[in-house]
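What follows is chain A paired twice: with chain B in the first complex and chain C in the second.
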Partner chain A sequence: MKTVTIDVKQVTRVEGHGNIAVKVEDGRITKLELQIVESPRFFEAFLRGRRWYEAPHVTCRVCGICSVGHTTASVKAIEAATGIQVSEQTRMLRRLILDAEHLQSHVLHLYFLAVPDFLGVGSVIPLASTHPDVVRRALRMKKLANDLCAAVGGRHIHPIAEHVGGFTHLPSQDELIDLKRRLEASRDDLKLTAELYATLDLPDFQRPTEYIALRCCGNGEYALYDGRIVSTLQPEPTEASEYRRRLIESVVKHSASKHVRSPHSEAYMVGALARFNVNANRLHPAARDLARRLGMAPVCGNPFHNNSAQLVECVHVTEDAIELIDALLTRGVAVEPLVRPERFGRGVGAAEVPRGLLIHEYELDDKGLITAANLIIPTGQNLANIEADMRAMMPSMLAADMSREQMTHRLEMLVRAYDPCISCATHFLDIEWQ
Partner chain B sequence: MKPKVAIFSLTGCEGCSLAILELEDRLLDILDAVEVVNFREGMTERTWDIDIGFVDGAVSTPQDETEVRHIREHCTTLVAIGACACLGGLNTLKNHQPEEDYRRYVYGDRAEWFPTITARPISSVVKVDYELPGCPMIKEEFLRFVTHALAGRTFTLPDHAVCVECKKRGNLCLYEKGEICLGPMTRAGCDAICPTYGSKCEACRGILNEDVLKAAGINLREQYNVELDDVLADLQLFGAYQAKALP
Partner chain C sequence: MYPAGDLRHVARIIGCGRWSMGNDQAGLLVARRLHERGLPDAVIDLSEQPAIDLAAESHAEAELLIVVDTARADDVHPIGTFVRFDYREGPRLLDAVQRLDSHSLGVAAGLELAERLGMLPPQVWIYVLFCGAFERRLTLDAALDECVAAVAAAIERDLVAWRARRRN
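Let's turn to the complex of A and B:
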């Protein structure tokens, strides 16, 4: 029987620091860990004592890739804790900047982090000379998403204008018209991306699991900005404020990021594929069309299809952003003062960010200072599921007599398919609410 | 010979590494002019013969300290990028709490599994040749640095306060609106992006020098009716100033 040791120090082309450690002795898996070696950062601890309005501004620094996502969950949590209701215009602008971040993050992941695996190169850099059109297209798409973020929030990495209670800067009509034109033109780039993607050979691997995502209950929106927590195993919705009924955290030794399980399963998945599996019927028709052409139907149990779901979402958020800009142009964008707090208490905010369900929770004292904080990060929720997938993949790889290098590459591709954001994931805490 | 360039991340959000990828219009030109030899976030290949090493993130764990010494040994020129690497950044907020307390708050009785040390800029551990501050690092400044390095010219940071750039952009001074802003004491180079988008400056590029800090302290005390504790809390945010009182 076979004995294999796989020890990948610092998986590359992922955000943050993670190792893969697998040991097979006499054909039996004796060790299988996705080790999270990223530094702990203690955000929840040092938020204590900071002022209420700083929360989004501080927590967006959890992660450079999803700083708009953290800002979104954070402003919503503080608003829930202070009784603030934001205007329809604020809601629309927040949806627009969140769409832009999904687009930026998915394009980055597909072209810069995942595609090199399929084209047999170590990074996007050699593609600049072998496939210059592909690289230029990727940069053009990314730039459009960043420019959209910048028009709404001032910049993509750590947005400036998105505050508790509203925005302190608004995009001009000219900027919106120009962005809409570029978004419409980018449909061609999306089409070419889909054509390239269709030529890639996704590993055939099935392990359906529980898929958790937000779902909008009042309207037909594909839930990104808000919604209630549902899953493929438990479609009965749970309010975000009751998230502890759906997500159970635990500390494991090989990971500075906590693992999370659900009452229904030891491991579950969040992210683009989970959203697709829960909300496919809410996607824009053009996105649904693409999913069909990629051979995807809910419930899709191949985690490598998370890449496909990201591509489908690129089409969706592009169309959604065009519709939002149209609506903003029709109603006109007007200066509004920030809505002020009515009280200080406890609040939860949830949003779907590129890598999945993100939850922020804060407690404020009567002066508006933060006394407790909890952040539940998508990648932390996926860790147990990635390990379960690796465990399920090993026997067939051993049976197929794959070399150690082939197995290692396949496991790294799996980890990358989840698009883990490891810096993000190391900010968990256990907390006792008084 | 193209200079061999590497990008490393210590404790931080990796937003500054990402900011390099967000130079979309110039990225291909940069890749044409340098050879990237080590960048975990973006590529599989890794080698250790490095002319210019860029490091984002603070030193905040024992491993960070070992790693930054190792990086220093292998880089001819070492450049700290972003507030975390240059000032310690947001990570320094934990320094104001007892270590035992913040570790237990996050990891409970498993705290000893995850070692940590006082968060600090990388210049407190190794010699740093250049600093490109900001949270995140300013992309245009990075580009200016690379251009200077390629031409063999000496790079310097702007030696004036954010207010200069803020005035140039025609912004209304936040003090005139009764608000606090750290622009008067902070190093420029960001084109006053935060005040331009309606937010105060929080000194993510660090204090310009002791003199402007003193002058701003006198102005705040004598001219403006603001809470000095709020000013100090703002100054703490990115590790720009850690003392308990203004000079």
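Let's turn to the complex of A and C:
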């Protein structure tokens, strides 16, 4: 019987710092942990006492990759807490910048973090020598997504124009026309990306789990900005404000991030694959067609296909962004005053951000000061599922007599497939009071 | 940003940094000052995403690329001083400056990618301004005001010499 110790100190090519610790003794797994070792962030604590309108600009600093997502969830939560109804133009611009962040983040993950695994190099740097066209394409797509974020949000990351109640900066007509032209041109890059991905040899691993995502009711949108919480095990929708009925947080010793389970499963998955499994029929036809060509059909139980789902979403958000820009150009973009609060109370905001379902919840006192905050981060929701996947993968790897290095690499690839953003997820500190 | 044809026989200058990160904006301020001076034969950009701007578009059509950025001061390089070096001389910048960041690509990674992709011109000069803390604020330390002016003047002077050498 085999005895193996795997001890990866800081998995590379993920956002933040996490370790993999596995111990197999006489063929039996005695330890298996994805340890989140990054320092706690305390965002929920230092939001207390801040004014209602500060929350989005504080929480967008949780992360440089997910800053639009945090801003979006935050403005929605504050608006729910204050009775603000935003205009259709604001809603369209928020959808557009969220599309841009999905593109920005997915391109970064697919090309810079995941692809090196499949092309046998350590990072994007040597890839520039071995596959220069691939890297040029990646940089071109990343720049486009960054520029789209800047046009709508006022900056490439950490948007300064997106506020509670509306926008304080609007993209010009010329900017929108130019971005639309570049988005249309990027279809060629997406096509080449799809051709590249079709050649990659994804590990054949299946472990169906519960997939949780937002789903829009009525309007048929592929839910990113709006929607209610559904899952593959419980399709009956739950309002985001009732999220505690669906998402149950708990503390584990080896992680500075909380784990989350559902009433139906000890572990579940959020993110691109979960959205695909829940909402595939709502994707843009071009994205649905790509999914079919990549051999994906819901419910897809291979977590490595999260990469494929991200690529499918790149096509979707590109087409969605083109349609949104068309609609904005048709109706015209006009300066609108920020909508002001009508009351102060409790509010929850939910959005699908690149790594999955993100929830912000705030309590405001009668002066509009934040008295309590809770942030449920996608990567935190995925941690238990990643560990469950690792546990399920180990027996087959041991049976196949894989070397320790091969097993280590496969486990790292699995973690990377989830595109974890560990810096976002770490906001818990277990203090042992003496 | 600029059609390739516009870059022929010119120097391209990229000031790097973040406006919201206090002293990190020094490279941007140098570029802005040079832009206001209206240098001949120079295309000037300010970049808050320097890695992408350096590597996503070719600068190979230009004859010279000048990158202006900041670094933390130390005993050898006190606050308010600056250095200029040739990118291709000395140790590999990516090794000397930083490891790959888990959240973004920095200037060193952008230059490395651009070099490997054949997007850098024959000459690449790096100007580094040495600063104290990089913290979230909109202003620059007073000690750096003079350094920004000095770097802009040095670049202008160096460009004059470069043009003279090119003519000969």
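Methods note: the second predicted complex is superposed on the first by the 427 of 434 C-alpha atoms of A that agree within 3 Å, B and C clash if a C-alpha of one lies under 4 Å from a C-alpha of the other, contacts with A are read in each partner's own complex, and residues count from 1 in each chain.
Simple rule for what comes next: contacts are C-beta pairs under 8 Å (C-beta built on N, C-alpha and C of every residue); 3 or more make two chains touch, one makes a residue touch a chain.
Predicted, not measured: the structure shown is a model, and the values here were computed from it.
Aligning the two structures on chain A places chain B and chain C in clashing positions. Of the two partner chains, both chain B and chain C are touched by A:139.
Of the two partner chains placed around the shared chain by superposition, chain B is the only one that A:253 touches, whereas chain C remains out of contact. By the document's definition of touching, both partners, chain B and chain C, reach A:64. Looking at the shared chain after the overlay, A:40 reaches chain B, while chain C stays out of its contact range. Once the two complexes are overlaid on the shared chain, A:348 sits clear of chain B and of chain C alike. In the superposition on chain A, A:155 makes contact with both chain B and chain C. In the superposed model, B is the one of chain B and chain C that contacts more residues of chain A.
Touch criterion met: A:51 reaches chain B, while chain C stays clear of it.
After superposition on chain A, the stretch of chain B that runs into chain C among 57-65, 111-119 or 129-137 is 129-137. Comparing which residues of chain A touch chain B with which touch chain C, the overlap comprises 13-17, 63-65, 112, 123-125, 128, 132, 135-136, 139-140, 142-143, 146, 155-156, 158, 423.
Listing the residues of chain C that touch chain A in their complex gives 20, 48-49, 52-53, 55-57, 94, 100, 102-105, 109, 112-113, 116-118. Here chain B touches chain A in the complex through residues 9-19, 21-22, 24-25, 27-28, 31, 36, 39-46, 60-61, 63-64, 89-91, 93-94, 96-97, 101-103, 105-108, 110, 113-114, 116, 135-136, 193-194, 196-199, 233, 237, going by the rule given at the top. The touching residues of chain A, counted against chain B in their complex, run 10, 12-17, 37, 39-42, 44-46, 48, 50-51, 54, 58, 61-65, 67, 108, 112-113, 116, 122-125, 128, 132, 135-136, 139-140, 142-143, 146, 153-158, 160-161, 163, 167-169, 251, 253, 256, 423, 427-431. Residues 13-17, 63-65, 112, 123-125, 128-129, 132, 135-136, 139-140, 142-143, 146, 155-156, 158, 423 of chain A are the ones touching chain C in the complex.
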